[in-house]
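Going in written order, the chains are labelled A, B, C and D, and every chain counts its residues from 1.
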Amino acid sequence: MSGFLSMGGYASSVWPAVALTFGIIVWNVVAARRSFAAARAEARRRVSMEQAP
Amino acid sequence: MDWTWFHRFGSPPHLYGLAGKLTPWFAWPAALLILAGLYGGLALAPPDYQQGDGFRIIYVHAPSAWLSLMAYTWMAAAAAIGLVWRMKVAHAVAASCAPIGAWFTVAALCTGMLWGKPMWGTYWVWDPRLTAELVLLFLYLGYIGLRSAIEDPQRADRASAVLAIVGVVNVPIVRYSVEWWNSIHQAPSVMKFGKPSISWPMLTPLLIMFVGFTLLFVALMLVRARGEILRRERQSRWVSEVVAQ
Amino acid sequence: MLAHRLTGDSLHVFRGERHVLRGLSFAVTTGEYLEVTGGNGAGKTSLLRTIVGLVHAESGKVEWNGRSIHAEASAFHAQLSYLGHESPLKGDLTPTENLRFAVGIRRSIGSREIAEALAEVAASGFADRPVRTLSAGQRRRVALAGVLLAAAPLWVLDEPATHLDAAGQALVGRLVERQLAAGGIVVAAVHAPLPVAEAGTRRLGLSSK
Amino acid sequence: MSDAWQAAKLVIERDLRLAFRNRGQLLHPLLFFAIVTTLFPLALSPEPSRLRDVAPAVLWVGALLSSLLAIEFLFREDAQDGTLEQYALSGRSLTWLLFAKTVSHWLLAGLPLALMSPVAAYGLAVSPDAMPGIIGSVALGTIALSLLGAVSAGLTIGIKRGGALLSLLTLPLAVPLLIFGAQATARAIEGGNMAAPMYFLGAFAVLGITLAPLAAAAAVRISME
């Protein structure tokens, strides 16, 4: 296990690279969902504004 | 020729619904494949005889680079369709590709630099692949910048579409010219990036990662495109029905 | 004499988020003048730009002699003379030079013809001064000479009489009437009605919602 | 066909005449180029061998940046006063008229830059034998650069403070031109064989002539809408 974690001496490169890619994937998932939710909220706001008066 | 199927297929409410239904079918396989590929690449694949375990960065770098190029190609293709047929949905797809592509270009650049530290002794050398990836990032940023600088959304769609098409013609030229430039200036002893002696146990996880990243891209793009469709169709009746639910 | 016909069919035009034209239709034929009126922001300019094909309607279509204007755009444009809000003139060139270049792109033209057109709009007095030194009204006259010289059956004019004095307004009316008599069509967006005979005039009022 | 040639000739003649009535604007990019190439020896060192090494880079980066200055004005006035609309509605192909406009732009910006580059190169300790090669490479490279710039300029019409955006759009696309252009100049200075990079620059010019006016016309139409 410790051999796996040390990556044959390349741990300081491999793990940050994996973590960074993973972080970017997660961030993209979050950002995509947020962008969709924002568009939906905006559309909903507009619809309720049009129905109100 | 009967084009009604095309129009029905291309209609925003239809594609909005379809994208919503399809998203999980891409997202979950993507998650499984990426985890499996990572496990295979980091734990199962044998170390490279020359680069040791350092080569394992390729399992995150190469798929990111692949995604960054694929996103640009999709973006340009969607932009061309939107420009020629005046199809809002295609512009929505193009608009969603740009941020995803830009982020994975950053991922490819950073992982490439992390690979460079132990191999070259420095985070940055002007390796042709990394240089081309950097230019790609600038192309993405220009596209995003143009889009955000134009206030009228339809004009923004169409102007950025022209830029995407011009850019996609340029991408292979940039790649080639950077390779050529490198071949002239390069000291022969420097190790080129991303060319470990490939064997099947090494390659299989990589291929799994490629498929996983492709599916991931489609899933991300579908989610974003739904939002972009809503933004472009605010006035339509179907939007108020969908949103009211 | 060839009869011409310009029609717009249920045009919907958006400017950004604003829905400026909502299902607008019109039809004009040879010898008719379509006067478009409406307050600021009512969509007069948008309508004219849609008619000439600079703006694409979201839905609906504009047809010239029964064919969509986008089908054979350059054939349509060859029969069109458009005058926008600004007078398309270069400050560093004289009116004569301006017209030689602007009209010459459309058809070959001699200096006699240009001088005649400038005389017609009472611009001979400043035909060889740089446009930079001219007043806005004088520039408008030069731009109108350009419309004349294009020798096109369809005129689309955005506020043709803007900046013009009383004599200039009467001049615009005369030019329009002559174009109608020659079998042409004129579409103009105006604030104040042009002095044109009622007979061939159709009116289109736009209201800002 | 002769009518189309006549139209193109008039577009070029108009732009040239306007430029000569307003010579200051014509000179600004050239002055910029002269100053940039002067700054390098001051920042680096006056030593001839080092200057000669960086001469291709200095010439090409300077040429690229000063072309950007000129490109910013390519469509600006014509868009503001409605001339571009008249081009689009003239019944002539807008692609063709914009190509003519790009030709006049190259005559007014690219060609003078090429003719001036030997002066700058001489200041960078380049031997006079290299000058024909330098003029040729800059002249050929700026053809594609003008065409590329026409597309970006068309896209940024009507954008307030579009100058920085124009650079952001154009420079990444100009990377291949920079690589092959600088290489051609470098070989001219070394007295090497310039054929390969010059072929590439020529190929880019041909590619630009066939595709860029179409893209520029599309961009201008979209920006006017």
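Definition applied: a contact is a pair of C-beta atoms (placed from the backbone, for glycine too) under 8 Å apart; a residue touches a chain by one contact, two chains touch by 3 or more.
Computed from a predicted structure; not experimentally measured.
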Message: Please identify the chain with the largest separation between its CA centroid and the CA centroid of subunit A.
response: C
Query: Busiest chain-chain interface by contact pairs, anyone?
result: A-B
- request: State, to the nearest whole Å, the distance from the C-alpha centre of subunit A to the C-alpha centre of subunit B.
  value: 15
- prompt: What whole-number Å value describes the gap between the mean CA coordinates of subunit B and subunit D?
  reply: 32
Task: Just give me the whole-number Å value for how far the CA centre of subunit B lies from that of subunit C.
output: 48
Statement: Expressed in whole Å, how far the mean CA point of subunit A lies from that of subunit D is 42
Shared interface positions of subunit D, touching two or more other chains: 225
Message: Counting only residues that touch at least two other chains, what does the list for subunit C look like?
response: 56
Query: Which residues belonging to subunit B are in contact with no fewer than two other chains?
result: 154, 234
Touching chain combinations (by label order): A-B, B-C, B-D, C-D
Query: In the complex of these two chains, what residues of subunit B are touching subunit A?
result: 34, 38, 42-43, 47, 52-54, 56-57, 60-61, 64, 96, 99-100, 103-104, 106-107, 110-111, 114-115, 117-118, 216, 220, 223-224, 226-228, 230-231, 234, 239-240, 243-244
Message: For the complex, give me every residue of subunit D touching subunit B.
response: 151, 154-156, 159, 162, 165, 168-169, 171-173, 175-176, 179-180, 183, 200, 204, 207, 211, 215, 218-219, 222-223, 225
Query: Which bits of subunit B are touching subunit D when the two form their complex?
result: 83, 135, 138-139, 141-142, 145-146, 149-150, 154-155, 158-159, 162-163, 165-167, 169-170, 173-174, 176-178, 180-181, 184
Task: Enumerate the contact residues on subunit A facing subunit B in the complex.
output: 4, 7-10, 12-14, 16-18, 20-21, 24-25, 27-29, 31-33, 35-40, 42-44, 46-47, 50
Message: Under the definition above, what is the set of subunit C residues touching subunit B in their complex?
response: 14-17, 19, 56
